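This structure is in structure tokens; I'll ask about it shortly.
Chain IDs A, B, C, D and E follow the sequence of writing; residue 1 opens each chain.
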């Protein structure tokens, strides 16, 4: 299982080093379904690389992952796009080159909740404010004519959410997978909304690379993207090894995994301007960002365009 | 004179710290959006003070801290007195405590949420855990170190339980317990940040985590400074308690400063 | 006899712990997928031992721990001796240390990653930070508590620096320093989990965090148990050191057990 | 006989490899109101004998009777003053003197009254609100004496009470305890290893020797009170005690200094 | 005169509110090879005077000459034996005795040789690998003496060296130091508050009184060695010292016990 994965390449440094003449590209991730293309790429795409070798660096939570990305300890990451936007806004040179997935977030609520308005006055958890989950929640409340002040919103580490729901500490949550599926599969919660119902083509996790990496290694970035996109397509085509790979990276029960895979898709991982601008609009409207980077500044489609058009 | 000296020393220390910090920033080796210069942090601190959130954060944190710390003190002392007195019982619980003690409160997160939910309680529980073991262990060892003469005196003068515990053991052990309280205070305060990671929406620890999420290293540093200063003040306060104990218990005030 | 007694006590303690745990599970109040029963955790432990990953986790963690702890010990003792001897210098650095000390290593994460990257180094640095302050402070206070008589003897017998430091101050202060080392060991071990949060791909702390992210409370508990037991063993080892010091330094072995 | 020590042997940690015989075959009879000094070098079992009579320890062999009853446990009727006074440092002088009275069931006013009476007796009125550490060794000793006397015991046991005082202060305290004894006529068992002190204080001196602890001989001190340390009769008895020790100890003492 | 104390006054913490006059106008001349005892109750400035002569403190007024030179700092030629022996607990007996020799620049073999010679002198051969805590008080004291003698000093200062020993051991040690002195003929300054001890040891007894510390008088002890504590001449001088104290101290002593 993933938790038993012991990497022997422990010394991760700022410099991209060479392994067997290939350039090592370090990509940070959290063990969630949203980073599945990375796992598949790492397992299946590795042999197709000519000049690079990717090394995945697992993190326990977003803040540490962002610390590593911001300081250049890794070359890129599959990360909540909002966090990358925020970092960019603060002056850190990052570029989003692809999505992590499409859709796949669900609003999980306890069995006694059947509509949004039932959540009034209840406690509801999101991973933190700078997330698509917060925006989805915002939209959901707006649809029901409610606002944040009608709920008690808490920011909670995702792994604690299923337990919190199960114990009735919260009445619902909205978070990356497979934490939503965990509660649903265990019959502790049910799906109130799918993200696509709330915000079509929502942008959630993205593959983000450091600007200096792209500038200095455009060819590497292109190779990376090529296999990344291929991995996404492989997953969506229900490739036979997907099950096994995902079990290796996320040590969760089979039924949980199956469920979360039902909600998510990985084809067409390009970040479109409209979707990005929707996101920006939300961020500004919700006061989460004052001066978000423009599409041109932040999104770099040059690689994905090359590899997809091929 | 000595007060003035101390103030001057503190100021010199502060200046050195700021100079080193500014120096590192000036080398230009690190992006200022990752390592902000002092004035930016000062500005951030000002911001927090002005909009009044700092006050809320500090009061909330202090509330949680004292709730956790004081209940740990109460539980630790009571259990410590019992275990210290009933040696055999301690023989059984000692191994349990010794195995539980070295475990980071962070590791307990999943179970803390399971049992205590989110918000104030887990923060209080984590601070409780951090403070409980030092208090318990120092109380047990304090009781075991109580001068046998006092017990003999008590026996001689016909003092019976529970008075032996209240009139003799507890006061005799208290100076050592107070050292344990001091130690526990420091340890517990360090875990404030960890405690406020589980669903807290305010507090100094939350402030830091939130600043991290918003990639605002200036606010992280501001939070660090506030935590450091508050910790220092708490430390001085408990040192006053210790000195008071020393004075009223007939011991030379200890200068260990641990 | 006494060894046997201890073993029996430990076993009784273990049985009680398991009984309580099993009891809570049996109430059915908590889902077993959130609070696994002992046998499931035992199974998880077995799994880790069998596939050999446990051994790797432990060695990696111990390597990081000792790298951080031992360098903190070296730095803390050397600086402590210097600060303890040059009182004026300490007057200036004391406030800095007192403000830095109560800050959680977690709060330093953004800067630790900035300066030390990810992987082994930040873990070592965090353990270093956790161990450094107790060692430093206990050394400074140990030096300040060195019996003036020893210094007078040194002066009388014409002993000059650096021999006063090596022949008198250090050995005279060492028993207190050893207590500081014990304290620091416990504190530092607790921060192993925090240390292994920054990009580490192995280690006991990583094991716990990863199990938590994978919602595998059985493995979290297995990790907790391994950490607790390793911490206990480390504690016993340093206690041996302390007793050795006590014996060779002519002090009654201290039973504080803090 | 008021106190009877009948063929008492005490072995610590019996049935263990580190068993040690602290006292062997001790026989001693003490009259009511007598002032007895136990005199001997370190390790000769003085404290052990005292603890046995006071009830803190049980004899391994033999029997001890106090006022006709076998001694089983300490009692407030027989108060011990310990080597380091045994004052509670967290209580004031007044609080310390009140300690024994509290378990006698008096009401608060009475307790305060009695305590003050005894504090006055030892001349510490001014210091009754002080803590022990604020007092000199001699004053602390007087507090311990006041505390013991306050519960009006029949016997007072004192274990090297003046051991920590300097020689001058010590003499002063010897004067005081001597005149207190004359006033109150308690039975006193007093441990010391100072020959002059024993001659100055005792009605009878019990001379003990170590390895194992034994009562070697008992010397009468038929001197009138108040005694003069430079008086020839005093010196004659002092001489006698000296001889008693120097005779057999001389060649042995080398080994356990 | 070998040691000259000229009108020496010592005030601690001068120019501060807690200034205290520890010694006032002390005058004292000591011959080479003399055994001098400083005798007086606690706080009379004995330790202060000793520290001044040994160079650990500087006089506030007056001057101290040692062998014709003004004393400024301690020197290995004048060794002090401290109240609690000042042994380094982490060194063995041998290591402690070697301590002073190490800074005299001898080579290792020589150091070991000398140390062993002096350990033998005080009869501790068997214990040379022991640590101080494994020794009795008397044995520790002998280690301190061996350590002091090993560096072959001209003067030895001893501050209540036998204060922590029980009375019997104390007498034995007095015998020993007395015969060592006769053998080595060092100048010795010996602080004590035990009258018998000073009469037994000293060529001259310097009697001091407190509030503030002063030299009250100096008593010659023209007794032959080895002295007998029960000899009438001995007792006569003891008597004289007693009188010296009891005359003026009697009414005062109450206040500082």
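Note that a contact is a pair of C-beta atoms (placed from the backbone, for glycine too) under 8 Å apart; a residue touches a chain by one contact, two chains touch by 3 or more.
On a predicted model such as this, the values are computed, not experimentally measured, just so you know.
Colleague: Count of steps on the shortest touching-chain route from chain D to chain E?
Modeller: Each step joins two touching chains, and the minimum needed here is 1.
Colleague: On Cα atoms, by how many degrees is chain B rotated relative to chain C, nearest 5?
Modeller: Result for this pair is 180 degrees.
Colleague: Counting contact pairs per chain pair, which pair wins?
Modeller: After tallying contacts for each pair, the winner is B-C.
Colleague: In whole angstrom, what separates the CA-based centres of chain C and chain E?
Modeller: Distance between chain centres: 48 Å.
Colleague: Determine the centre-to-centre distance between chain A and chain B, using the mean Cα coordinates as centres, and give it in whole Å.
Modeller: 37
Colleague: Show the residues in chain A shared as contacts by 2 or more other chains, in ascending order.
Modeller: Residues 63, 67, 70-71, 159, 163, 166-167 of chain A each touch two or more of the other chains.
Colleague: For chain C, jot down the residues that touch at least 2 other chains.
Modeller: Residues 30, 34, 109-110, 114, 197, 212 of chain C touch two or more partner chains.
Colleague: All pairs of touching chains, please: list them by chain label.
Modeller: The list of touching pairs comes to A-B, A-C, B-C, B-D, C-E, D-E.
Colleague: Using the touch rule from the top, collect the residues of chain B that touch chain D in their complex.
Modeller: 149-150, 152-153, 155-160, 163, 167-168, 171-172, 174, 248-251
Colleague: Show me the residue ranges of chain D that touch chain E in the complex, using the header's touch definition.
Modeller: 40-42, 123, 136, 138-139, 166-169, 172-173, 192-196, 229-230, 235, 238-239, 242, 245, 249, 253-254, 256-257
Colleague: Applying the document's contact rule, which stretches of chain C touch chain B when the two form their complex?
Modeller: Chain C residues touching chain B: 5-6, 9-10, 12-14, 16-17, 30, 34-35, 91-96, 98-104, 106-111, 114, 134, 137-138, 140-141, 144-145, 180, 183, 186-187, 189-194, 197, 205, 208, 212, 217, 220, 223-225, 227-232, 234-235, 255-258.
Colleague: Give every residue of chain A touching chain C within the complex, in rising order.
Modeller: 1-7, 9-14, 28, 30-32, 57-61, 63-64, 67-68, 70-71, 73-74, 158-159, 162-163, 166-167, 179, 182, 186, 188, 250-252
Colleague: Could you pull out which chain C residues touch chain A in their complex?
Modeller: Of all residues in chain C, those touching chain A are 30-31, 33-34, 47-48, 51, 53, 56-57, 60, 109-110, 113-114, 117-121, 197-202, 206-207, 209-216, 219.
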